[in-house]
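Here's a structure for you.
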Amino acid sequence: GDDLAEDDDSKDAGSGGGGKVVLASQSFDEAALVTAMYAALLDEAGYEVETKLVDSRPNYLGEFPGSVDIVPEYVAGLGDQLNTDANGENAEPISSSDLDATLEAMQPLLEDKGLTLLEPSEAASQNAYFVTQEYSEDNGVTRLSDLEGESIKLAAHPDCAGRDDCEAGLTEVYGIDIELLPLGYASPQTYQSVLDGESQLGQTGTLDGTLDDQGLVLLEDDRGIQPAQNLVPAVSVAFLEEHPDVEEPLNELMAALDNATLGELIVRVTVDRETPEDVAEDFLEQEGLLD
Amino acid sequence: MIRLTGVSKEYAGRVVVQELDLEVGRGELVCLVGPSGCGKSTTLKMINRLVEPTTGVIEIEGRDVTHADPVKLRRGIGYVIQQIGLFPHQRITTNVMTVPLLYGESKATARARAHELLSLVGLDPEQYGERYPHQLSGGQRQRVGVARALAADPPVLLMDEPFGAVDPVVRRRLQEEFRRLQQELGKTVVLVTHDIDEAVLLGDRVAVFAEGGRLLQYATPAELLARPVNEEVATFVGAERGLRRLSVTRIDHEHLEPVDGIKAAELASTVAVGATLEEALALMLRNDRAMVGVTDGPRFVGVLTPAGVHRALRRSLRP
Amino acid sequence: MIRLTGVSKEYAGRVVVQELDLEVGRGELVCLVGPSGCGKSTTLKMINRLVEPTTGVIEIEGRDVTHADPVKLRRGIGYVIQQIGLFPHQRITTNVMTVPLLYGESKATARARAHELLSLVGLDPEQYGERYPHQLSGGQRQRVGVARALAADPPVLLMDEPFGAVDPVVRRRLQEEFRRLQQELGKTVVLVTHDIDEAVLLGDRVAVFAEGGRLLQYATPAELLARPVNEEVATFVGAERGLRRLSVTRIDHEHLEPVDGIKAAELASTVAVGATLEEALALMLRNDRAMVGVTDGPRFVGVLTPAGVHRALRRSLRP
Amino acid sequence: MTLLAAAREPSCYSALVNEWWCAQYVEDRRGDIVAATTEHLQITVAAVVLGLVLAFPLALLARRYPRLEATVLGVSTGLYTIPSLALLPLLVPFTGLSANTVIIGLGVYALTVLVRGFLDGLRSVPDDVVESAVGLGYGPTRLLFKVQLPLALPVLVAAMRVATVSTVALTTVGTLVSYGGLGDLISHGVQRNFRAELVTAAVLCVLLAVLLDILLVVMQRLLTPWTRQAAR
Amino acid sequence: MSLFELTWQYLTTAASWTGSGGLLDRLAEQLLLTVTALLMGLLVGLPVALWLGHIGRGGFLAINISNIGRAVPTFALLAVLVTADWPGPAQLGPYGRAGLATLIALALFALPPLVTTTYTAIREVPDDVLEAADGMGMSGVQRFWRVELPLALPLMMSGVRLALVQVWATATIAALVAGPGVGAIIVSGFARNHYSEGIGAALVVAAVALVLEVAAAGAQKLVEPTRERRVPAKVRAVVGDSL
């Protein structure tokens, strides 16, 4: 199995274009798609790209920076994770719905860890909560605050428990009595559970383009518990110093992405089941980022 | 009465028992001897249908066994297996009780019977009854196997090397006890052994098999020792067969010399007509005398000398 | 020369061999006999240090074995194990080649030697050499075990029931061949058996053990049969010991009757002085004559009659 | 290109159709499937080999010092009871996000079965064979390699079969650290309700196990010719 | 605080154990799940294996199929069951969400060790004992109940014991479909970056596994207190575990 292990030395082969780069990200469709875009761009720039998709953030964060060089990240998600890593499991969250404030708050944590962020995109993938159309109509629910005081079953990712943008926020800010069913983020089980009436509320992302077809509707986050989850490239400081040429194409990508475009692309992956690589390449060519 | 007619057995085309005709009279003890692998066990197992013959007919008391329900058939036949085959999960007493219990006897009766039989084979039920088989030596286990086969008091007994694992001294004792028992109970017994001495000692008749399951000779021990039908049997019966005859040849009036002129003191120890030559010779050696008195009932009928013994032996060898 | 002095062995406090003194001369064949579990195998294994004695000294050729490197020691001692113990993963020839190869002999030499020895124990190397042990019968396997022990031509041989699994006919042949071989090669042999006949036939001396590892008697076969030291030995040696003596008592001048007045025709068959009484008696029976001529070298020295045989037997029993 | 195919009509594996078995899927994703299968095979083999390499000295130690036997067996059984769900994330801090994490984790699981395989195998060597080898003058090393190990082989291989087949299944858990071979496909399939992917990968797992199992049996037959026509 | 201390703290805090969704709750759920799945496995596997063992045919196939069964990733199986129309993720009484699917997956998982040991146990009854039983006129049924079954029992118990421990350790995967059991705590602990919870719960599972193992071994000794226990080496290897 030696050929499976990465070879750390060869990374230093060249400065600027070329050499080896390791990307890591989470494995849900959206992250996989964005990662594929990174990979295509870096490949174009002459890098030998290796991609590692894992279940959850902590799995790669230990290696980053280190054997992982670049991660397609979300601003608040990364900030909160760095915060708990540094200050303990129960540390006060540093993220908010304000992008700039969040970026500022996480700056010292990034420095400590030897990471830096490139330009954030306007595209933001925040948690969002949906109910069935039927439920919405029957109970006149269109905003999360409409659920105040209700006892609700929520189908969501297991990491929802205790998070301010999820269970904790829904309970404390919106005053909803939440029972959590850990079925995953925008997973088929989560949709199924809501559609079956097993749970009333389901967790997905703001970029979810499949809701309409399924007869589901998003509820508005009218009290703003969602932090600034803008897409952003996180890069190892050391790597960036040696390979400054990665910055430009990634920044261009961030600029090219917005919620609507990304939402359409994700549907092609989740519904049509095209591979993220195909969709990414297709999009990048259209945008002229790739020949 | 057991009768085998034209019985053959093949395993994968290899003949293991060949066209065997054999008749065992009621109350008779027949020994099957022969070299290892000659088909003795196979023959035995065909009688209780543990093995089905390829061809031929086997009857017990005139009934063809192939038409009998094997389970019922076997309950009427005691079976001592060559590898002993005690039930390792049952205590010794329970092992012996198995067959009576199968018959539906009460526990108490079966237990009493088991104790009786254990004593018979020289195992104290108090001491050994509550043990498990693995707590006994090989020879002791084998005796339990014999007791178990006898437990249901079956009219027919099949015994496959029943004393093979017992040490020589105990074996001799068991053989003698078994012989007495068999004469008393009058069971029909087929006994497999590879020990020609055992066959000669126990058998009313002895069947000698050769490699490939051929029956070479079927005769009384005396006949077998005196007149082996061919070289093969002679070899098997052994070079010492002349001497072995000492133990099967019985003293007869014609071997004796007249009693006149012999001092009474010299007749101090006597044997009866019908005793074996071996006994007489042993007595002569023990007394350090060159003769021994022979009695027939209460009266002296003559004396036997070494020359007489020799004469008797020579005569018994003549066809 | 092997000498055991005051050797005892205990297992968990139970004495298995008790204060044993035993001396085996160079080129001598000594048989250990006794009932099952009396410590014969244990005694044997102490000689090649498979078992360490609890107390006492064991010397081979004057060297204390406890100070020898056990691996080297054992290479100089052929060992035939009671349970045969062939290597199941090696072919027959390879099994026999093992020890020569351990010694560092060339493959070709070892193979030639193995073939020679297989022939010696009556197994055709062509036919059996390439088989695996499980493809042989029990008796054939045991002969391979003997061949393997002989392969390195060791001056000392330890044999634990080497013919136990062989059927009686082949056993007798092997015993005789082995006896001849041993006289020819002059090896020092300690052989365990529970067959008193085998011990008497093969042994220069016989050691009789009792339960608990006590040595009861250590004597020549003739001495043992003639004068068992106590009832225990007598029982073990057997009731037929008088008759068994026929095979160990040798014809002597004093047993003979004068040759005068005997017709030449009656002397047609003769035995030599020093033959056993058994041979003489067998000849008498074969010829159906009450006498046999005895020669000493080229000349007749007398005739032996049944009475003479009896006289000789009686004399040999006297203390 | 799949893009065009998808434009024409939904393939049998699109979320709208989502069939359990879909040849189109196998055709389109052939490269992924082959890569995942190869990775699966490599991890499985490496883990079993690692297990063997660790188990052998442990087994020898346990035999040499019988007191240690209970400890060796106890510890390896203890390791076995740690849920794989927890073991791999626990290893990440030490071994990183690499195939090594999976190989080490699974090697540890295989260890339990293999240590017993060695011990039972060595124990199954008949005493009489060992006694005669010693009696003929075999030293301890030669005894081990020339007599005991060859004779332990059938039992050891039986243990290896169990270990290998179980490891094939366990390798899928490696997806937790992104080195799960076919497990990556299964996990992906589960998360996206991608039936064709899930079933194809699961079937391949079983086929892989059958293949390795047969391979071991053949290997054993070649290495132990003496057991071939075992006497009854 | 180090991870070790955090874990220790988690395990020694009463609140971790009590309350809805606490360790005790989850342990009870998992135990119920394990025992039920094991019983289901026994109900299906034992009769088949005993029957095959008794008639002495088809065992090669049964053993190999059930051995290969080990290669089916339990979590893939569980996923398929939950996704399929039946049994789906439906709630089942005290077994909670996806209870039936989880039970089926675990019962299937228990089959290989149960079938293999049971079949082998019956086949390992020595030939001479069987011959003696036949020879004394036992019918097939009598032979089975009086000889084969009692002799096979100790080894069968080993198989049950092995299956028990394996099912217990595997039952954590129910968490992957939001099912019951301690797995829920492990998954949520790791997912929320609360390593201490994940590790603590995993340790609890392992500890209980050992307790079950020891308890089962004790129970087994009680069943057969006197008899010499010898398990043929080959059997142990086939079964591959902790006999």
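First chain written, first letter: the chains are A, B, C, D and E, and each begins at residue 1.
Throughout what follows, a residue touches a chain if its C-beta (ideal position, glycine included) is under 8 Å from a C-beta of that chain, and two chains touch if they have at least 3 such contacts.
Predicted model only: the values in this text are computed from it and were never measured.
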- Neighbour overlap between chain B and chain D returns C, E
- Which chains does chain C share as contact partners with chain D? none
- Task: Give the label of the chain whose average Cα location is farthest from that of chain D.
- Result: B
- Note on the structure: By Cα centroid distance, the chain farthest from chain C is A
- Distance between the CA centroids of chain A and chain B (whole Å) is 92
- CA centre of chain A versus CA centre of chain E: separation in Å? 39
- Where the CA atoms of chain C average out and where those of chain E average out, how many Å apart are those spots? 59
- Query: Quick one: chain D and chain E, Cα centre-to-centre, how many Å?
  - Reply: 20
- Note on the structure: chain D residues touching 2+ other chains are 89, 193
- Task: Enumerate the residues of chain B that touch no fewer than two other chains.
- Result: none
- Item | Shared-contact residues (touching 2 or more other chains) in chain E | 83, 175, 187, 190, 195
- Task: Chain pairs that touch, all of them, please.
- Result: A-D, A-E, B-C, B-E, C-D, D-E
- Note on the structure: Contacts from chain B onto chain E in the complex sit at residues 48, 50, 71-79, 81-89, 98-99, 102, 132, 134, 145, 148-149, 152, 158
- Message: Using the touch definition from the top, list the residues of chain E that touch chain D in their complex.
- Response: 64, 67-68, 70-77, 79-80, 83, 165, 168-170, 172-173, 175-176, 183, 186-187, 190, 195, 198-199, 201-202, 205-206, 209-210, 213, 232-234, 236-242
- chain E to chain A touching residues, read off their complex: 1, 6, 82-83, 89, 91, 97, 175, 177-178, 184, 187-188, 190-196
- Message: Which stretch or stretches of chain D touch chain E in the complex?
- Response: 73, 77-78, 80-83, 85-87, 89-90, 112-113, 116-117, 120-121, 123-124, 154-156, 158-159, 161-163, 165-166, 168-170, 172-173, 183, 186, 189-190, 193, 195, 198-199, 201-202, 205-206, 208-210, 213
- What part of chain A is in contact with chain E in the complex they form? 56-58, 81, 84-85, 88-89, 157-159, 161-163, 181-183, 188-189, 192-193, 198
